[in-house]
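Here you go, one structure.
Note that the chains are named A, B, C and D in the order they appear, and that numbering of residues resets to 1 at the start of each chain.
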Amino acid sequence: MRIKIVIAGPRGRMGQEAVKMVLDEPDFQLVGCIDRKDKEVQVPFLAEKGIPVYRDAEECFYAQEVDVLIDLTVAESSYDYVMMALRKQIRCVVGTTGFSNEQLQTMKATAKENSTGCIIAPNFALGAILMMHFSKIAAKFFPDIEIIEKHHDQKIDAPSGTAIKTAEMIKNVRNSKIQGHPDEVETMQGARGASDDGIRIHSLRLPGLVAHQEVIFGGEGQTLTIKHDSMNRKSFMEGIKLSVQQVMNLKEYVYGLENVLDLA
Amino acid sequence: MRIKIVIAGPRGRMGQEAVKMVLDEPDFQLVGCIDRKDKEVQVPFLAEKGIPVYRDAEECFYAQEVDVLIDLTVAESSYDYVMMALRKQIRCVVGTTGFSNEQLQTMKATAKENSTGCIIAPNFALGAILMMHFSKIAAKFFPDIEIIEKHHDQKIDAPSGTAIKTAEMIKNVRNSKIQGHPDEVETMQGARGASDDGIRIHSLRLPGLVAHQEVIFGGEGQTLTIKHDSMNRKSFMEGIKLSVQQVMNLKEYVYGLENVLDLA
Amino acid sequence: MRIKIVIAGPRGRMGQEAVKMVLDEPDFQLVGCIDRKDKEVQVPFLAEKGIPVYRDAEECFYAQEVDVLIDLTVAESSYDYVMMALRKQIRCVVGTTGFSNEQLQTMKATAKENSTGCIIAPNFALGAILMMHFSKIAAKFFPDIEIIEKHHDQKIDAPSGTAIKTAEMIKNVRNSKIQGHPDEVETMQGARGASDDGIRIHSLRLPGLVAHQEVIFGGEGQTLTIKHDSMNRKSFMEGIKLSVQQVMNLKEYVYGLENVLDLA
Amino acid sequence: MRIKIVIAGPRGRMGQEAVKMVLDEPDFQLVGCIDRKDKEVQVPFLAEKGIPVYRDAEECFYAQEVDVLIDLTVAESSYDYVMMALRKQIRCVVGTTGFSNEQLQTMKATAKENSTGCIIAPNFALGAILMMHFSKIAAKFFPDIEIIEKHHDQKIDAPSGTAIKTAEMIKNVRNSKIQGHPDEVETMQGARGASDDGIRIHSLRLPGLVAHQEVIFGGEGQTLTIKHDSMNRKSFMEGIKLSVQQVMNLKEYVYGLENVLDLA
């Protein structure tokens, strides 16, 4: 018995990869897509495969028997789709970011009322999730930490969101600490990178890079390094796949991919 | 109140580092050493510091109030020291390898009878322990794995013990899998490394290397790498220090440093 | 005055990238393409831009004033195109492999007779060319060498062509040497990798990898590493661009990108 | 016929390693040392081997036939020793830093007058010399560059001298360039590192690190990395050894190890 899936947002960059992933996975069946496009144009690769595309979520859930909704749209529409799905006891896997706290709380309550699984994950990159989880553990034993994140030179902001999140998670388990020699001197400003509670963060930007991060832990006579290299959007698909499998056995709302994985 | 420590084997390479570590650690107090040397020579750096050296463990435990015995000798003498210590309710931290299963079982029972903590750890390198622990978790999600271990060119055997142990731990959580392309061809023998249940292991030997290992996990569009670099024997001291702290709260026998660490 | 370029093989994977590169480069002008397709179909992205596509090279060279032919086809057709171009004193930049020695000699002679530049390069990846060049120099000083090459798990052969080529180049400057400890033992077959004249080669294959190679040189107390990471076919374009610029000042045949670069 | 060597400064950290290296090298013969110690104490390991130690250079050069003086002292004494040696046509290999320009010019002139080789090298780490040399070449083709240098957390200044020197060398061959996205924003100050003419430099400081540097070059779809890892002072010995061999064939003054190596 294959898991019957609807994808909302099939034309987006993540959506296109998700469509491919669901079509390729033997245990999954793509029964439809939701695409709120103004004019009723066909999405070519979906039409070819005979996958119906609905402009309206209600209509979709009425026409099809659905096990899981994968929502990869934006917060505005996503909230409506998810609320509608949960009330019909259709499980949700949601990659959308930008929900308000109130929206998150309402979705949580609705999932519970309907005993229906709902996974909301701002980041589906399994490798990045593991990197952050391992870093949190390692920081208990090695409090001297440097983060290097490397991205293509089209990225505007430094440090990256993942680097900031990693430092945030580490700070929860590590006592505040000033690193380096107490008399340390920067003869060129910025050489020692940014400091978040003493943790040093270095952002590299070069053509030819994609999205990379390493977290280096130093102890007497040894270093431990945890590194994630992401080459393309396909890296998110493994996380979505795992979420679909996990949500089938869930009866409630879970926030964050790390909380549905067996990380012991 | 400082923890009163006796070190057995203070002249060995690990022992010398352990003496330094205990003397440097403000919460620790080195109350004596056990050194089974035939002739009664003084160990110079211990004599200087006024640390008494006993040829006989019994005599040592009689003369001194001891909280923890750190044993860094060989299996033959270690077993006697540990048994004697446990019966006197002196906690033990043991880095010796080569015990028989029977010896291990007897020490376990004796620790229990005397409600006394005893940590036996074949490897005190905290970073290596974490590398193996993280690898075991990552392998659940990324079953395609390559291990690279790098050592100085004075090392005789390949692969290293840590690489073999890592593969062993991974095999416990990963289904057997043949990696690479099904039609893969080695045009030069050995290029694809050794295979342990499909996991590939590559051993590099060069002057200038010390002891390094990285475990690389591959998934669609991403890789995750966990790397440990060990520069010298000091890297073991953090593990011994942690074990001394943990054994103070233990009432029984534990095998393996990973089992006394908070790895959640 | 822009350089007037014709591309042979615009629909191939390299050809498509080359078309984009030439269109993007302000100093280059794409005056036409040669595409030996049986049916006279339009190549969509070329038609859009108004670039004429010729089935016949002769016709193309007759219709257009051409400074440089970039040939990215196969040896069979490439030889004819290049010979025709050289006789018309059109410079050639050729990425085709598989020419016979006789063909290479004839092209060389023809380039000379016509005082026309012709660069034949089996590899346009500038970073890989530099990696090999630097390795050849480093091997003079550090004769202990390990090569690690990493590719996606769809690659059939191990080691990669670049790894074999790198070892080949190193052997020209390094005395034959058996590396590692003289009593070295492989407890698992293949652990020490393949051996080419003592140089060790290790091939890793994982999903998520693209095309990577590092050459590690070991000496007393130090290692030197030269690493190339290739993410996609765009990495070849810089080499083609440089070749076009260099060929404008050449009056003869040169084999290998390394021989037109200023590597001093 | 072994090369007869005198070492000035045998008790320093570099000097001790140099003594060992010369004693171990079959083609070298250590005929004496110069050690300006106030009291006439014996240097234990030299006395054991029967190597005479002279407080006075003049006396040493009078008593012994010397091919090469290796000077590892400080600028003050070094200048006198080198001048004395050159006038006696004893070749010099000098690792001292801190000479004035005037001193350097006088040594150069004296070497020439006496047709005697003299190599003055502020850095004997062969791997670091190669890293800088290769970086200078690579920068011609890849002008987007990030330097990461990693040292133990006892180091006071950031960036390291080698990182500053590397950037200096690169600037000689690369046009000034602002790297990264033009609208780049640092949301945490220092994240993008120090900037030297646009080249970004990042300094990491952790216990467990020794002395490491990597220079990363980015181009479309590829990166090239040149990395040097130095584990201990032994890494300088290969450079001293090479200098001794080269100085035997020199008739003049050369500044910088890179200028006596065959780097083509």
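Structural remarks
Rule of thumb we're sticking to: contacts are C-beta pairs under 8 Å (C-beta built on N, C-alpha and C of every residue); 3 or more make two chains touch, one makes a residue touch a chain.
Labels paired with UniProt names: A, B, C, D = 4-hydroxy-tetrahydrodipicolinate reductase.
Here the structure is a predicted model, which is why all the values come from computation and not from measurement.
Chains making contact with subunit C as well as with subunit D: A, B.
Centre-to-centre, using mean CA coordinates, subunit A is 37 Å away from subunit B. Each chain gets a centre from the mean of its Cα atoms; for subunit A and subunit C, those two points are 38 Å apart. Subunit A and subunit D have centres, each the mean of its CA atoms, that are 49 Å apart. Shared interface positions of subunit B, defined as residues touching 2 or more other chains, are 208, 217, 219-223, 229, 231, 235. Shown here, the protein chains touch in all possible pairs. By the touch criterion given at the top, residues 144-146, 148, 150, 153-159, 164, 179-181, 183-196, 200-209, 216-223 of subunit D touch subunit A in their complex. Residues of subunit C that touch subunit D in their complex: 125-127, 130-131, 133-134, 137-138, 140-142, 214, 217, 219-238, 242, 261-264. By the touch criterion given at the top, residues 208, 210, 229, 231, 235 of subunit B touch subunit D in their complex.
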